Every structure is written in structure tokens, then in C-alpha cells.
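Handing you this structure, nothing more for now.
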Amino acid sequence: MHKDATREMTEHVLDVIKDHDLRGEAMYGDQRTAIGVIGEKEKLDEGKVMRLPGVKEILLVSKPYKKVSREYKPENTVVKIGNVEFGAGPPVIIAGPCGVESEEQIMTIAKGVKERGAHILRGGAFKPRTSPYSFQGMGEEGLKLLAKAREETGLPIVTELISDDHLDMFDQYVDMIQIGARNMQNFDLLKKAAKLKKPILLKRGMSATVEEFLLAAEYILNEGNKDVVLCERGIRTFEKSTRNILDLNSLALIRETSHLPIIADPSHAAGRYDLVAPLGYAALATGADGLIVEVHHKPDEAMSDGKQSLTLDNFEEMMDKLKKMRLLNGDD
Amino acid sequence: MHKDATREMTEHVLDVIKDHDLRGEAMYGDQRTAIGVIGEKEKLDEGKVMRLPGVKEILLVSKPYKKVSREYKPENTVVKIGNVEFGAGPPVIIAGPCGVESEEQIMTIAKGVKERGAHILRGGAFKPRTSPYSFQGMGEEGLKLLAKAREETGLPIVTELISDDHLDMFDQYVDMIQIGARNMQNFDLLKKAAKLKKPILLKRGMSATVEEFLLAAEYILNEGNKDVVLCERGIRTFEKSTRNILDLNSLALIRETSHLPIIADPSHAAGRYDLVAPLGYAALATGADGLIVEVHHKPDEAMSDGKQSLTLDNFEEMMDKLKKMRLLNGDD
Amino acid sequence: MHKDATREMTEHVLDVIKDHDLRGEAMYGDQRTAIGVIGEKEKLDEGKVMRLPGVKEILLVSKPYKKVSREYKPENTVVKIGNVEFGAGPPVIIAGPCGVESEEQIMTIAKGVKERGAHILRGGAFKPRTSPYSFQGMGEEGLKLLAKAREETGLPIVTELISDDHLDMFDQYVDMIQIGARNMQNFDLLKKAAKLKKPILLKRGMSATVEEFLLAAEYILNEGNKDVVLCERGIRTFEKSTRNILDLNSLALIRETSHLPIIADPSHAAGRYDLVAPLGYAALATGADGLIVEVHHKPDEAMSDGKQSLTLDNFEEMMDKLKKMRLLNGDD
Amino acid sequence: MHKDATREMTEHVLDVIKDHDLRGEAMYGDQRTAIGVIGEKEKLDEGKVMRLPGVKEILLVSKPYKKVSREYKPENTVVKIGNVEFGAGPPVIIAGPCGVESEEQIMTIAKGVKERGAHILRGGAFKPRTSPYSFQGMGEEGLKLLAKAREETGLPIVTELISDDHLDMFDQYVDMIQIGARNMQNFDLLKKAAKLKKPILLKRGMSATVEEFLLAAEYILNEGNKDVVLCERGIRTFEKSTRNILDLNSLALIRETSHLPIIADPSHAAGRYDLVAPLGYAALATGADGLIVEVHHKPDEAMSDGKQSLTLDNFEEMMDKLKKMRLLNGDD
């Protein structure tokens, strides 16, 4: 309440709170009066309270998400895809090219990353590009090539969904559905994807807060799909010397706040291949449940994101060093 | 090029550039060598160049957007809806509630804002809410009430599209389609909305750069729909004392860079009703082609955004002061 | 408190609060318990409370600043320099070059801006430059030239203080002391400058929050110097298409929260001369108590900031348009 | 150049460039003309060029820093304090309380962190506090207690300098001088501190870019002091769920760009003790040359920063886990 709010004003606010089926208690101090409110936030719009005479400021104490929180479910959620498990201990390594470009390309990379220890194959068939003039992906043909690579290597496949027009195709071909950063708050797509009942890899929006990120996951859980893996991929800040800043503070915090597994994408955070491995080490050292990295056998011929792709050799070095730090077996 | 790049490395880079049908020229300095490249950026992926021996850094000079730029079309685009014109001089005032809540509500507000000088009625029927537990709008019933308010007042209506499931309804009822900040990079929705051939109000994403914003508009123009009105609605920064920061720097810059009209949304930028009018004055003083403001006859009973809605009286005061500053007639 | 905190834990927290001479009250809800605390925050460190068993989160309600707030002093502070008054109604226009470069330069500009309606002359003699290799100002010679320009034109002078080595000189020559954005939290300099008992123009740090900004002013008031004029000069965000983003949200908010006058610096916010005037209109339309703008008679020969300096003609156009919007007389 | 710039305009720009002793070359394309310039940037102000007819945009290619860069000095700089070495391989661990509070406190903590493997003792004697009403440190008495703790344990001491009034004291008592985030661009203090010829721990400003950070270090090197250790301590972003975001992207990049050692401060980045260790693991995994962490034997009684201080037990666990990851010996 304002410093000069009268006792009548305070009592009026308490009445309004009571009328909305909530419990309010006033604390009268020397300088000013505070009112605490207990009950479900949804019952009373902030705007209504803000307008009451004498009200100065409203602070929200409780978090708006429920099903994603550890308070709701204390033990870790384990998301299974075949015999790959996110959140069960050892980190899961997802690797592959930015986009599927040809059969030869995806087969070479799939075998290459499999041999070097990857658990899941990534690769874009439909690409959401900032510019309408950039390469937009191979489409359904790309999905078929991914499925073929799965047959060949046994690696499950994850790829990004950008339109509800493709739901049937994704149902048919894909093991794990990625929702990209740009669509994190495309709630319509979240709900439709959730209904396929396949595991979802949900990337954090470029400037989504932790709360917005968890609420986007809440949309999926709220549709009855519990298989959500979160992905921190770097946030947008004032600093432009690298593409995004990998936000390990939020990753560490989410591991405390939520029971969902969370992995990191050092490739999109770094934006340049020489920084991918150091950020990958950092993410697993912080406790991430896995990594998703871009790997290309010939990055200098890639049709997109060549700048940030590891070669197969780079990928092998990264995996070796992770082993040396004991970050791959999950017993830390 | 790196300081210690050899002449062979430089010549190899020049060869690669030539192979991709581009023209490159080397400038040899005492300290280092720079290579300038002229031609279409799409022909050569950055990643390929970045990997060549001796290459240190790549800087992009030209902008990736075309059809939205003043270089492509120097004169202002005028977007017409009935006899309302964006970009022709006098600013266009769009007003109305955050969400349509009832017939009585939308009729009262529609008449109220019309009497006080508004040109277009706003009101959400489908609401994209951060939390799945918040009020999601009245749906088609809301669109029908908006249409009824249009009949009654003659004001054209603008409302937000959040799913391609609603394209037919929007085609039937709506005069101008709003694409909200969260969907600015939902390229699938942009392209589908563009095809309805109705004017589109494109809101800037919460942390979209000017370039990303203009490229989102480029997606619409690229589908053959030229009737795009841009909307600056505040950006996300470190500063949390108000909801977003109205970015008038970018608004002023876009007026130079693009031929498309651009308006401002002081309500979402401010997040609190007492700052809406001062930011509205600021936007028109900077040269905005209009404003979109939230107005509610009883904001303390609004189901959403009551905290930032003007009352009809507040709206009247704002309009009066705008007249006094000679910001409504467009002759400055 | 945590959802599963016991009643004993809650009571222990209440005991600790009482031991520190504060008053605490518990509100027991179905889901969780909240504790409200009333009294002076300084008495109990957050860290102590955070560690007590069962404590989940601490939210601060009251603001840490006192003397700068309207609650402490409801009426506007008017800062006087000769017969120029900040905060009394009509906005104050400060104009002049980025840096003093020569007698001819500062005299020409001083006369030029005086004729066109400026009230105070600005000009840097000591320049805080990001790089040690950039022009660092003329030093004391620059102060003498400013003083000479004051004699000639009658305009009071404001210039930036960057070292306590210069306190005596500033005491001798300067009418108003500017503390630049980079030194906003150089508390040692703030306290020493305050003791000169001259009016201080305090610029907001590039990424200072409103609270930090007001607390920096509080340092000055706390030394017994009440003559502080705040200056919003643009904040650092993810958006790089212009140098900074002029934060008019915070300017409007500070006008409500604090009794101190606040002006805007559109030159540093814009970073390019063609956007200075539009942002200047915006700031005064929002209610700023003045503007500080860089003006140079030959900006293409300026030793610094030529890119963002207005010519004398540009300045005249800006002043004319401000008059047309009735933003110069202060009767709005 | 603008798309419609004439050949005369281009030639005029080339003449101006030549007049300033720089070399310019024009590249004529179909759409537009670009001009490359080679030579020292300082010779020609951007503003001058920006104003020439036909000029559209200026892009800077070369970096403004010199002595801090790897191009200037390819091999790592090793900063020695007694037998502690930054940048030589094994990371250096700095630990201690936020502020010195009493002899008993600093002695207990100094012995505690020494036993658990710390190499240097930290502790503030002069505290730069956002609010003038917060605890400002013990002053000279604090420096004496730090010196006493050094005698007792053999640990060198590092503490923050906030005023040039204290230079003599720091010369007498301190082994390494910390320049805090708020003073990173207090160039006057940087230059004066540099002259003491003691090693300097330079913290990155809360929103300083990598370039500004390196240029602040350049100020110190430019005074002839080569013993600079950089410190990444978290940057300010839109995300407020933790205090700052530890920017390991920039840390990894600076390790490539500069020869100076760089350490991380996970305590200030996290702002809460439970996230300090995970961020510490991350920083060393990325390749940081050391850590600086806040440790207090009784954090619930600390006079400042208790919320983010590790206990001695927490510190021991962190050191054990770092050993397990083989991150302490520096052979990775």
C-alpha cells in the first residue's frame, strides 16, 4: 500500500480479496502497510487490485507452473527412446548435421557419429530460416533419408517440426520431435505436437525467461505428454562477439526447480566451431543430461551452419576429452 | 585474413570466391590483408569461407532483406482498410480491449473509442498466453462480437491470429490480421496468413532485431501481400522496472530504412496504465504512423491486461493532449 | 517457505526475525506458508535468512533509496544555475560539441547555439575514452576556453569530471559538473564531486537499473548536495542497429518515483545524427525536463562523435519543430 | 556507398581517405560500390566519413586493442605472485570472504581455505556498495587483518581498490590489486593502480563487451604494467532468475584472442550458494586459468553476500569434485 493509504483503503482491499475467495492479511508497519494474499492467483486479476485506491505495488510470490516443478514431482523424469534414456545418469549425446543434404551426406555422418559414441542422430528436414531466401530444407525427402540412416545405424532420429501440415509425416518417420527456439511460444504447435505422444525436445527461446521456458513445457505436459527434454541453446544478450551466450546459470537452476531432463546445444550457443567443445565440456560439468551438437563430414561444403559444425575428427576429440574428465559415464 | 596468412592462402580464397560466381578483390596492407566480395551472398555459405586457411573473420556489409527496403521502393507504402490509411500522413489510432469478454463490454468500448477519435477497433478473440492456465479468449464467438461492433460503429476490426485452424474464420470476419510478438518468426503462419490477402499488422518479437523484424515482413511480401503495417511494442532488456522498453530508436531507423508504415503499442511496452499516454506522445513525436492502445471501460474488471488498460476517460485525455501537440493531424 | 517446511522451521525463522528487532508475521496457507517482515532491511542480511531451514525464497518489497524518492519529498526539486531552472516547467536545452577542440570552435558553437535558444553550453575537456589511443581531451586548457565562451555568451557551462585530481579546477571554472555513464557507480568520485556543492548532472550507466541510478543519486544527496539533475542517455540492449536505446519507459517512471529533474541525451542514445531530433521530440513529449545534445559547426571535422553531432542548422530545425509541438514552453 | 551514389561521390571519398594518409580502394559492383580502407583507424574520425555525400554505412574490421592481443604476443602471459602462477597450466584458486569482518573471521577462513587447497586469499576491506546505507567495509583495519592472515598462512592476498586515496596503503599491504566490475571503465583509477607495478585482477564490467574489457586491460598494459589477470564474473541480461549469467562464451573466446590469463568468479555470477560449484566446474572445464570464490565459515552471519558464500565444507566438496574431473592439475 502507499505510504499515505488510509486504514479504510486497506480494509477495502481486504474486502475485495475476500470477495474473490482468497485470504488476505494486513501487516501494519510504522512506515507503510503490506497485505499478504494466499490462494490461487487465477481468481483475481492483478489489474483489478492495481486500480484500488491506496495500492502501490503487487509482487508475485508463487510460480505459475505446476506439473513441470519438483514440488509437484520430486524425482527426476526419465525420457526413453528405445534404449536411450535422458535423465537416468549418463548424458545422452545427439549429433548430426544442421540439415539433411543428400543420402551420401547423412549416411556418412550417421555412421561417423555412431562409431564415435553418439546415441541419437539429428538433422533438419524442414528449416525455419530468418530469411525467406535461405535454404529451407529437403522436406519429406529429408525425413525419409533420416529414417534410412536410422535403419542403417540403429540410431534414433530427432528433427525439427515447424508446421502442423507435417504432423502425419513426423508421426510416421521420427523418434523425437524438436520444437525450435523460434516456436517455443507457438502454443498451437506445442499442443498439436504433444498429441502425437512422442518425446519432445523443447528448445529455449532466444530470450525466453526460465519461467516462460518452463511454462512452454507445461503446455505439453498439460496435454498429457510427459516425455519432454528441455534444451538450453544460448540466450541473446548485449554481447555480440559470439552468437549467443550459453546460459549455464539457468541450466543449473532448472535442474533444481524441475524434474525434466535438460541438455545443452553448444553449437548454436557458440556460432563458431572452435568454441563448441569448450562449451560442451562446461555444460556436462554443470550437470546437463546431454548435448546436441552439429557435426558435418565436410563442413566447408555444408549448405547451412557450416561455420559452427564440428568435423568428425573434432567430434572424436571432444568425446575423448569428455571421457578423460569422467563426464560421459554419469557417475559424478 | 590472419596477420600471418600467406599470399598463397589469400589467392586460394580468391579462387574459391571466383568458383562461386562472385567477384573478390584483395587489399594488401602492411599489417594484414582484407578481401572484399561483391555479388549475391546466397551463393557462398559463410562456413565454407571461415574454414579456409588464413581466414580470420567475415563481416557482412549488405542487408539480407530486399522488398521491404527503401532502396527497393523509395516512396512510402500506404496500407488502406476502408477509408483508413496507414502511412499517408495523419496517424491511425487503434483502440479497444485486450480481449473480447462479452457483447456489452465490446459494444460499450467500441462506441466509446469511436466517439473519442479512434479509427480501428482492436480486441483479442484467441489469446496466446504464457501459461496454459490463463484465460485463452472467447474464440469464434469473440470474432462474431467484433464483427457486430463493426456493424454498429463502422470501425474496421483487427485481431490476432494464432493458429492456421482459424484461417477461414479470419477470412470471413476480420479486416486486418494481427501476428503477435510470439509468432513473429512462425514463418508457417506468416506465409499462410499472407495468402488471405488482407492487411497484416506484424508485431515485433520481444527480442527480435530490426533485421529479423524486417525479414519477417519480407516473408509476407514474398508471398505477394504488400499490405504490411509494422508495430514496435517494446523490447526485452535487463531493465525490469517496466515490462518492456519502447524502442523508438528502431522505430525512427525503420522509417528511414523501410517503406512500410510502422506504428507503436505503448500499452504492452509500458505494462502499467499510467505510463501509456507519455509513451504514446513519444511515439507519435518520433514519427510513428499510428498507435495501438488497450482501452477498457472497467479495467478493474478486465479478464486480462487490466493493469495496463486506459479507461475511456484516460483515452480521451490522451487524444486531447495529442491534438494540443499537433500530433494527430499529420502535417508535421 | 518451502512447501514441506515444518511449523517448527517457520517458528524458528520468526524467532530469528524477532532477534534482529524486526516484526514478522506468518500466513499459513493450504499449500505453503509465507512470512511477512516489517522494519529496516539493513538489520538483517538476506544471506542469513536464506540459510535457515525451510526457507525457499526472499522477496524485497520496499525500495532501498530514500532521499531521492517522492515519498520522502513529494514536490519537484528545482535545480537552479544562474537563471536557468531544471524542473520548474519549461525544458532546459543544453547544447555544444562533444569535446572542446579550439577557441574558434567553442566560440562559434557557443554563439550559434545561444542564438538558436540553448540555455547551457556543454563541451568535454577531459574525455573518458574506451581506448587509450583515442583523443583524451584538451584538459585544463579546455576548461579555460569553456569559461571564456561563458563570458562571451552568458551561457553557464557543464562538463564532465573524470578524476579527483581535477576537483579544484572544476571548482574554479565550471557551473555544473557532469558525472558520465562509465562513472555512475564510481562512488568515490560521486562523494568527492558532491562536496563541491555545485549542481551535478548524473548520467545513467549504460546498463544501470532504475534502482541503481537512483541509488547513485542518493550517494550525492547523502553528502548534503541536493542539486542533482538525472540524465537518461540510452541503455545497452541486444539491439545493435543504433548505439543505445533511449529508455523513455524509465524516464516516465522516474518522473513519478523521484522528485529530481530528469533530462535526456538523444545524441548518445542515437549514435547517428539523423535520429537525434526524432528522439529529442520523443523525450520532451514524454515529459523530460530538458535535453542535452551534441552540436558542432563542422561535424565532419570533429575530433570525436562527429557521427552523432547536429550541425547548427540541424539544431535550429529541431528547436523550431519543438516549438511547433509546443514542447518548449512547458505549459503542457 | 548508397545504391545511388555517383562515381564522383565515390572518388571524393577516396580523395578524403588519401588526404588522411590512408589507402582506399573502391570495388564497383552491379548494385553498389564498397570502399575498403587500410591503415590506422585513429587517423580519420568516422563522423567525417559518415557525412560525405553518398556514404551509407561504415563497418570496422580491425580491433582497436593491440598489446592485449595474441597477434601482438602469441604465447600465454604468466602472472606470478610469489610461487603462484596464473596462466602456466594448473588453475589458481582464490578463496575467502566477501568482506573482512574481524580477526577471528578472517583467520578462521584463511586457514580453512588454505587447508582445502586455495592458493590466494580474497577479502574486501573497502566495499563499493550500490546503496550508501550498506556496510562499506572495515577500511585500513581490514587491510591489516588481511596482511596478518597472510603471515599466518603464507597465502598472498588480493583485495579491491576503490579510491586513489588508498594507493599507498595498497602498495604497503596488498599482493594483487582487484579492480571491480563497477570501476572497469574508471580509467583514472586503472592508470593509477597500474603504476604501483603490482599484479592486477581486472573484473569485467556487468555489461562490458569483450572489446571494452580488453581495452580496459590495454589501459593497464599501456602504463607499462604487464601483470594483468582478467576475470569473467557474469553479465547482465534479461534473465533475472539468477543474479548474472556466467559468460563462458566470452571466456573461451578471450583465451583465443588474448595472451592474458582469465579466471572466473562463479559466486557473483550465481548470486546463490547452491549454484556456485556447478558454475565453477563449468568454468574450469572451459579452460579458465582459475576461480575466485566467496567462502565464509558462518555464511548465515556474514555482513554481506552471505547468500552466495560457500561454507568451508561446500568449498571442500567443490575442490574434491574438481580433482575427480582432473580439472585442478592443469594437464588437460
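A, B, C and D are the chain letters, set down in written order, and residue numbers restart from 1 in every chain.
The rule we apply is simple: a residue touches a chain if its C-beta (ideal position, glycine included) is under 8 Å from a C-beta of that chain, and two chains touch if they have at least 3 such contacts.
Computed from a predicted model, the values in this text were never measured in an experiment.
Asker: Find the chain most remote from subunit C, comparing centres computed as mean CA coordinates.
Answerer: Result for the farthest chain: A.
Asker: If you average the CA atoms of subunit A and of subunit C, how far apart do the two points sit, in angstrom?
Answerer: Taking the average C-alpha coordinate of subunit A and of subunit C, the gap between them is 38 Å.
Asker: Calculate how many whole Å lie between the centre of subunit C and the centre of subunit D, each centre taken as the average of the chain's C-alpha atoms.
Answerer: That pair's centroid distance is 26 Å.
Asker: Distance between subunit A and subunit D based on Cα centroids, please, to the nearest Å.
Answerer: Centres of subunit A and subunit D (C-alpha means) sit 31 Å apart.
Asker: Using the touch rule from the top of the page, what residues of subunit D touch 2 or more other chains?
Answerer: 207, 211, 236-238, 240, in rising order.
Asker: Among line, ring, star, complete and other, which best matches the way these chains touch?
Answerer: Contact map by chain: complete.
Asker: Please output the residues of subunit D touching subunit C within their complex, sorted ascending.
Answerer: Listed in rising order, the residues are 42, 45-48, 50-52, 64-66, 128-134, 162-165, 182-183, 185-189, 206-207, 211-212, 215, 218-219, 222, 236, 272, 299-309.
Asker: Can you tell me which positions in subunit A touch subunit D when the two form their complex?
Answerer: Per the touch definition, subunit A meets subunit D at residues 207, 209-211, 234-235, 237-242, 244-250, 252-253, 256, 269-270, 274-275, 278-279, 281-287, 321, 324-327, 332.
Asker: Show me the residue ranges of subunit A that touch subunit C in the complex, using the header's touch definition.
Answerer: Residue positions touching the partner: 3, 23, 25, 27, 29-32, 34, 36, 38-39, 57, 59, 61-62, 71, 207, 236-238, 240.
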